[in-house]
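Worksheet for the structure shown next.
By letter and in written order, the chains are A, B and C; residue numbering begins at 1 in each of them.
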Amino acid sequence: MIDLHNAVFATYAIAACLMILKAVSMSWLTVVRMIGENGGFRNPEDTKKTPMNPNPSPAQIQPNERVERIRRIQQNDLENLPFFLAAGFLYVLTGPPLLLAQWLLYGYVVSRLLHFAAYFTGQIHEVRATFWSIGSLILIFMTVRVLLAALGY
Amino acid sequence: MIDLHNAVFATYAIAACLMILKAVSMSWLTVVRMIGENGGFRNPEDTKKTPMNPNPSPAQIQPNERVERIRRIQQNDLENLPFFLAAGFLYVLTGPPLLLAQWLLYGYVVSRLLHFAAYFTGQIHEVRATFWSIGSLILIFMTVRVLLAALGY
Amino acid sequence: MIDLHNAVFATYAIAACLMILKAVSMSWLTVVRMIGENGGFRNPEDTKKTPMNPNPSPAQIQPNERVERIRRIQQNDLENLPFFLAAGFLYVLTGPPLLLAQWLLYGYVVSRLLHFAAYFTGQIHEVRATFWSIGSLILIFMTVRVLLAALGY
């Protein structure tokens, strides 16, 4: 069952890889923003004069809203994605129908990408919260399903 | 061995699901607290007038201790639970006796729930630290056991 | 294939365990630093008079740079290691050659240990960023490899 040639497991693997790449992208996006803003750094040593920072200033380690936004998005990923990676894996072991697994796993991926789009562009809380909630409910559904299966139901 | 009908693996799956649900609950508890406090938000757009926030004010994005407490509890989860999910899975592969696996995996769950109770109610550091340490030592024990097995001991 | 006697999987398990122990060590190192500094705490209740804190003061919950540095290092772990644990596991399922798996998985471990050494000792950003980037690129490589395999390529 844990085999990339198994359609349900491959569905999980694709969703998992997309979410891992999404999470890693937030780190690189933070780097891009810090370079673009020439600030938003966090360490005292980041204001030393170096080849990549020829004109350092103490202001560079002040919080920068454009950088902090990406960090908040990333923090939201950390609160959600590691648990999706584990729950999705265990969910595959319950032997779900392929179509249901695709709706849940790809639905989760889509909800997180829409959450990112809403957060990144500063949409009102209701939009962001809706996409987050969809993903969280999918995660809870899969986890409860595994729990019941493991308990013998 | 990776089968929900295997007693040791089912033990892991139950413990993992409980910890995933615990982690996800922290997000929802943060939401509940933000609604109850009508504050503790973090994004500039969260002070816009919307259906769910009819009377916005800049004070809503000031840190709110009752909300921040839940965020700190969640951060502690992020520092621990993803590693438990991975270590517990690998530990099952070492073929431990069922009773020992139950003590370790369920013991970890109990230690985290007690840690939550102590943190949530603001008990002194010694209480919180004791429960955290029990969980952390279980995690270290399982990880070292896997490491030795993988190295051939 | 998911067997600690399989050389490729054992390589993954060893790398995973080292990274889990590394992540857990950051928590304990934070504790050591807080004791050494007698400060850097984060909760209001941590300034109560207790057996381990006989002379409390409000200054104890002010940010302390020596403690915050460890917290930033740990945060960097949280942004990276859970995704490595998942990606590395899935990568094993693609059946890579042992030597390549060893270079990638142990290379990741070495990159993270060097990142820690650079961060801990406050080296300039370029040094820290180089080690972080090596690990991140290994993670991306493995994830893309799994994605392609799961898609049938």
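As a working rule, a residue touches a chain if its C-beta (ideal position, glycine included) is under 8 Å from a C-beta of that chain, and two chains touch if they have at least 3 such contacts.
All figures in this text were calculated on a predicted structure; none of them were measured in a lab.
Visitor: To the nearest 5 degrees, please report the angle of the rotation taking chain A's Cα atoms onto chain B.
Guide: 120
Visitor: So chain B and chain C: same face meeting same face, with over half the numbers shared, or different?
Guide: Result for this pair: different.
Visitor: Using mean CA coordinates as chain centres, what's the gap between chain B and chain C in Å?
Guide: It comes to 17 Å between the two C-alpha centres.
Visitor: Residues touching two or more other chains, restricted to chain A: which are they?
Guide: Answer for chain A, listing residues that touch two or more other chains: 2, 78, 82, 86.
Visitor: Using the touch definition from the top, list the residues of chain B that touch chain C in their complex.
Guide: 2, 65, 69, 72, 78-80, 82-83, 86-87, 90, 93-94, 119, 122-126, 129, 136, 139-140, 143-144, 146-147, 149-152
Visitor: Could you please specify the touching residues of chain C with respect to chain B in the complex?
Guide: Of all residues in chain C, those touching chain B are 2-4, 10, 13-14, 16-18, 20-21, 23-24, 26-28, 31, 41-46, 48, 50-53, 74, 78, 81-82, 85-86.
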